[in-house]
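Think of it as A, B, C, D, E and F in the order they're written, each chain with its own count starting at 1.
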Amino acid sequence: MASYSDFKYFTVNSPAPFVAHVEINRPTKLNAFIEAMWLELRQVFNRLSTDPEVRAVVLSGTGERAFSAGLDVTEAASENGVLSGADKLDGARKAAKLRRHIAEFQECISAVEKCEKPVICVLHGISIGLAIDIATCADVRFCTKETRFAVKEVDIGLAADIGSLARLPKVVGNLSWVKDVCLTARDFGAAEALTVGFVSQVHESKAAALAAAVKTASLIASKSPVAVQGTKEVLNHSRDHSVEENLRYVGVWNSAALQTTDLTAALLSGIQKKKPTFEKL
Amino acid sequence: MASYSDFKYFTVNSPAPFVAHVEINRPTKLNAFIEAMWLELRQVFNRLSTDPEVRAVVLSGTGERAFSAGLDVTEAASENGVLSGADKLDGARKAAKLRRHIAEFQECISAVEKCEKPVICVLHGISIGLAIDIATCADVRFCTKETRFAVKEVDIGLAADIGSLARLPKVVGNLSWVKDVCLTARDFGAAEALTVGFVSQVHESKAAALAAAVKTASLIASKSPVAVQGTKEVLNHSRDHSVEENLRYVGVWNSAALQTTDLTAALLSGIQKKKPTFEKL
Amino acid sequence: MASYSDFKYFTVNSPAPFVAHVEINRPTKLNAFIEAMWLELRQVFNRLSTDPEVRAVVLSGTGERAFSAGLDVTEAASENGVLSGADKLDGARKAAKLRRHIAEFQECISAVEKCEKPVICVLHGISIGLAIDIATCADVRFCTKETRFAVKEVDIGLAADIGSLARLPKVVGNLSWVKDVCLTARDFGAAEALTVGFVSQVHESKAAALAAAVKTASLIASKSPVAVQGTKEVLNHSRDHSVEENLRYVGVWNSAALQTTDLTAALLSGIQKKKPTFEKL
Amino acid sequence: MASYSDFKYFTVNSPAPFVAHVEINRPTKLNAFIEAMWLELRQVFNRLSTDPEVRAVVLSGTGERAFSAGLDVTEAASENGVLSGADKLDGARKAAKLRRHIAEFQECISAVEKCEKPVICVLHGISIGLAIDIATCADVRFCTKETRFAVKEVDIGLAADIGSLARLPKVVGNLSWVKDVCLTARDFGAAEALTVGFVSQVHESKAAALAAAVKTASLIASKSPVAVQGTKEVLNHSRDHSVEENLRYVGVWNSAALQTTDLTAALLSGIQKKKPTFEKL
Amino acid sequence: MASYSDFKYFTVNSPAPFVAHVEINRPTKLNAFIEAMWLELRQVFNRLSTDPEVRAVVLSGTGERAFSAGLDVTEAASENGVLSGADKLDGARKAAKLRRHIAEFQECISAVEKCEKPVICVLHGISIGLAIDIATCADVRFCTKETRFAVKEVDIGLAADIGSLARLPKVVGNLSWVKDVCLTARDFGAAEALTVGFVSQVHESKAAALAAAVKTASLIASKSPVAVQGTKEVLNHSRDHSVEENLRYVGVWNSAALQTTDLTAALLSGIQKKKPTFEKL
Amino acid sequence: MASYSDFKYFTVNSPAPFVAHVEINRPTKLNAFIEAMWLELRQVFNRLSTDPEVRAVVLSGTGERAFSAGLDVTEAASENGVLSGADKLDGARKAAKLRRHIAEFQECISAVEKCEKPVICVLHGISIGLAIDIATCADVRFCTKETRFAVKEVDIGLAADIGSLARLPKVVGNLSWVKDVCLTARDFGAAEALTVGFVSQVHESKAAALAAAVKTASLIASKSPVAVQGTKEVLNHSRDHSVEENLRYVGVWNSAALQTTDLTAALLSGIQKKKPTFEKL
């Protein structure tokens, strides 16, 4: 695995072959985000995206108390912070400054989605605001019995602009519920998250959820990386395109992807009942 | 609140601060719709949309028996009615007349969706046909244990063209079920509606459902109207656009919306643990 | 009903008025597909699409053991098979050959979706790989308690390119689950399929599931075919378009469709409480 | 023709059978627009759209000096005017007010495009700012040798938001030129307008241009209104959709439109070499 | 070259290496189309699309008088013809029949566009109605000084539904002109066609135009077929998609296409100043 | 102006207030591009995009002989070059590597389009291949009498994947011509470029073209930067979206942009006939 020791707010290790575990690491502040953190988040996931030693990623927070308490509001509202309104610009110039800022913030969070390797997000403890934005970028979401979720943005006076409103209606199939939680900013728990499909597994503890995530990640990592990374790409394309468009796209995609030795390796391993080995990707 | 006493088929009152309660008011006919009613519906919701005293809307039917029995078929099939086929026009000219009529009908119903304030729909008793079209325009849907639903249009010989087919696949996440109920016109009840996510709460009685709706509406009305109305707009945009498009849109939207005093008011109220006050919108 | 006796791998009969039952017929190979079969599948559904004696279709596999075990991998990997890599072409030319092949394969499977009459798919026994691609083209999905599902493609080294990745995210409302099963190729059963909305009914046995499917198909077949076929078309359009686009489309569609005698027949039958008769379509 | 005498700022008469001529009528102010005018414009074109006595429309300004000098800036900048910044709202609330205002303004101008009958715009004299927005909504554009055009908005400090930027890149095929004139606000004349395809005919005088427009309008008005209005609708759809989408749309459109007696009338008139008569639409 | 001698209404020969010349062959009727012809047209171009001996196609009419006079109206209006209104179906059922018919007709004409090899269309003599639909499917259009064009459909009472309205606004950059010729059905000549960009070359005679077309086709046929066919595909995709979408698509496309030996062959030929040879495609 | 002295292959200076002139600076190789150059190009334009001292940009090549001869093919074909095929990866893994490479290359070139300030491109001398990709990202294109253009990519065996095929059909209105030059890779000159609208001005010499470009850039730089940058953004959005979508977008955009003091400054300067001063942006 590439080196990830140069990050201040993220730790990365490998709990299983070809699996990386990323931890948000600011536990004294409930893993709340300051700007330096989302800038680092982008770097971490861009590096994982092309790291040939990584085939699946697990993402969690450090400590038991929180995956993340979201945006560090105190920091954001301080001078030069993202929610600071201190400058003397007119409305249009303030807007330009805000637009540039939001665009960069979005790009950092979207790095989780754009990572070519599947990402399994383990939500535990407090998981609100920005935690939801990040979780909707992941491919698979697990949580613990005790996780407390909230799409918190309206409580600080704003419409969530880093991805929750863009992605939540596409990851769960109950728009009445999506609007309820986004418009009221109310808390919801694991059971509700499971029922509506925001998470697909609930576990007894953070340890159990992490173990399950590493197990699923290992299973994914044991498959052809050509097949897995193609599947992630095509599913993300599918979410945003018509069936017709997606069929055309996957046809072109697979015209190259099928030219892989993984196909033979996978077919043979099926016949020979032994575990296939795949080249790096 | 603006005056809404000029409507014949709708009553509007305010059960809580900044909350409007709209009732469909033709109980002797199970609140079935004639043309005058959908023309009024548009006016009611257009007025609510910019009424600064309103921050959330609850919609129900008058009386216990029905939210609405849908289109008043007898009226529609009578001379000059929308389903009347009496004229002598050729097929193309009939089509032009029908197209204009459908377009206006759609626009009236869509006014519920276009209303800038969130709408919580309380479905009770008979809720069929046009009732479903209207309910899918609302943001949040509650019902009672006894509510009887049906996407009834195929039973009168037509494909639903006022919005159910356009919106239902986007508000629930079970297309097999959507097609089942749309193709068979069969009844379904509260439990089924909850399981598939058509409603997000089921209550014992109309009174209980209404109380819950007013409570949720009050909660929404207590938040920053800038944040709430932005959230509704961006979620509706999200439903119909790719993640990429929606991120661009919300970035531009928030470049103005973040220039609000609500942000400070909301942040301060969080710190001071007291209820914020927001300017009108 | 038109004659369907010219097919080698499919049997078609009529268990009820206006209902066709199609069976995949290669039980000795668990109904696994070779190329000749998907070419026939297209022909079968194209013929059903305009057969005036057919108003609803039920699709199942022959025998108890499998709806279908998917692609016949042995055949596909043999010389001249779809997964064979034997030729000496350069990468671009191989890609062109693969692209043409995938496009035709997709078109064959999509014939199930494009069939103008609703299709109810009964999944029983082994239902993996290509079985899922086909099932997502159907309108309604039922299964039995014992059905074993898997989106199997990554296990043979490829991203599913015949439709599962394009359609699955649009038929169920739990993207975390979709990605889980597509990335791991793991098995799942009836209960899981029902919870996420992949199927809308689970039955005790294949016989019971088939009986239920025929009953639903008969109910659909008893309705106005103008209304039913319009509803299928508009719902499929809705899946791939914005609400605005779909409202425009259904307005134009119904400007012709409302010029049907079915409307009067349906309305009269409602008043007279007797079963309507509709002209062929 | 319906009565159009109730408008203050527009005169409508009929220079030829089935042809309406609309004149912008505020010559003392170079036909510059105040809010009352665009509200009237919407009403005029909505009425023309379904007036069975009208099959084609010619649009010009009253007097020789100007088609229109665009927005009446003095009025717009005055108290309560659209460009007035007098109120005390915060940035988000100002934005909401502006958004509602722009949306209504756009809807008024778009009424020219949405009019079901073809509109030929005769641009003469000063034709700047709002004049370009309106002209791009028309179907065909003619001008005189002396017409002076400018996309003037950047000169008053804003990006054109009523339609020029949305439509101009779609009506001419030279994006380098479009950006040049939109970014510099510079004047351009008839020759340049013809070369880039903004207008399709240039005439010696307003009288000559009007005569040519009436002649073309008369020619259009002599054709089947079913064919003409369908052609306008499908071409406007085509501008904003892919070829695939448009082919699907026109197929559905014509499934009703071909059921017209105009088809026989037109075919017979071709054979019999005499002028066909068509029913009203 | 594959055999094309089984067609009744089309002749195909090879005037130069890797170039096919297709002629519409019903000169006694000005090459007007009956149904059998568009069914054959699809077959011809589908075969050319994958014929490894063909790298570019020239399309013209047989004889001097006409490329094609369009739809054979007499035939179309006769019993069982496409414009016949003889049956007793209700409006909705007639519409279904028409829809199916139009869809197949469109698919036949679109085969010219979908042909993987570039098509150069030589328009000569009478080139009206269906001739325009076909020509807009071609990649490059040449004509002679004497060619007479018309988008003729409104003159027979219908909106052109086989492709002219879908494609014309996308092949020329003057929407005012497009609407003029589509709404009036008026004739236009070579000079006008050249000015607006409907054709890109005008020649003295059919022979000269054909010679120029064969020369251009030969030039195209001398290039890497991987590069040429990719360029056609990506340009057609570009017409119907945003820049962002197209960049993503071409990236995936070229990830396979760049794995060609043509790249080296082309580079070497550039250095060695000799003509490269490319493998079949 | 920010400092731009840290670039090796680009020089940036300011020939007029608020105008930057960027020169591609590798004249000994006809300004042909190696990878280091497109990486720098991105940095240069990203910096210009938010440089408050810059309101318009002129882009040209250093020296008389070439704007740019495109990709440095020798370099690209060498070991580790972008067209090198030396590695031993299977087809799918090569494809992944190529895809990543193309995506980054595209992003570098697109930086010219994404620059918030208008870019005027002066094409002179040899302007082929990558020169066209870059030029289509600019807003306005000028050239000299002697400029030689070619969309050269098919001559090196590939479909242009850095933007020419994506953007060219949208900047000129003659698709027959676009396909001709893209499929044949033939040269074309200034007159042809002007006729089809690829450039909007042709000048006698590079010096004259540069002077004209600086003059236009100065004119743009004298306008409200809020208005100018909004106009660029909205026109680029318009190119890729429907009219409806663009109207919605510009409404939201201007809800912030109209809150600028530039509006008053511009209006006053119009009344007072003096040059307005605008705040930085």
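Throughout what follows, a contact is a pair of C-beta atoms (placed from the backbone, for glycine too) under 8 Å apart; a residue touches a chain by one contact, two chains touch by 3 or more.
The chain list, named the UniProt way, goes like this: A, B, C, D, E, F = Delta-delta-dienoyl-CoA isomerase mitochondrial.
Predicted model only: the values in this text are computed from it and were never measured.
Contacts with chain C and chain F are shared by A, B, D, E. Superposition angle, chain B onto chain C, using Cα atoms only: 120 degrees, a multiple of 5 between 0 and 180. Taking shared numbers over all numbers used, the chain E to chain F interface scores under half, which places it in the different class. Centre-to-centre, using mean CA coordinates, chain B is 47 Å away from chain F. In terms of their C-alpha centroids, the spacing between chain D and chain F amounts to 33 Å.
Remark: chain A and chain F have CA centroids separated by 35 Å (rounded to whole angstrom).
Of all residues in chain F, those touching 2 or more other chains are 91, 94-96, 170, 172-174, 197, 226, 239, 244, 252-253, 255-260, 262, listed in ascending order. Contacts between chains leave no pair untouched here, as each chain touches all the others. Residues 91, 94-95, 244 of chain F are the ones that touch chain C when the two sit in their complex.
Listing the residues of chain D that touch chain E in their complex gives 118, 139-141, 170-174, 197-200, 216, 219-220, 223-224, 226-228, 230-235, 238-239, 242-244, 246-247, 250-260, 262-267, 270. Listed in rising order, the residues of chain C touching chain D in the complex are 249, 252-253, 255-256, 259. For chain C in complex with chain A, the residues that touch the partner chain are 73, 77, 83, 85, 91, 94-96, 98-99, 102-103, 106, 110, 113, 153-161, 163, 165-170, 172-180, 182-186, 196-197, 239-241.
Of all residues in chain A, those touching chain F in their complex are 50, 89-96, 100, 226, 229, 256-262, 279-281.
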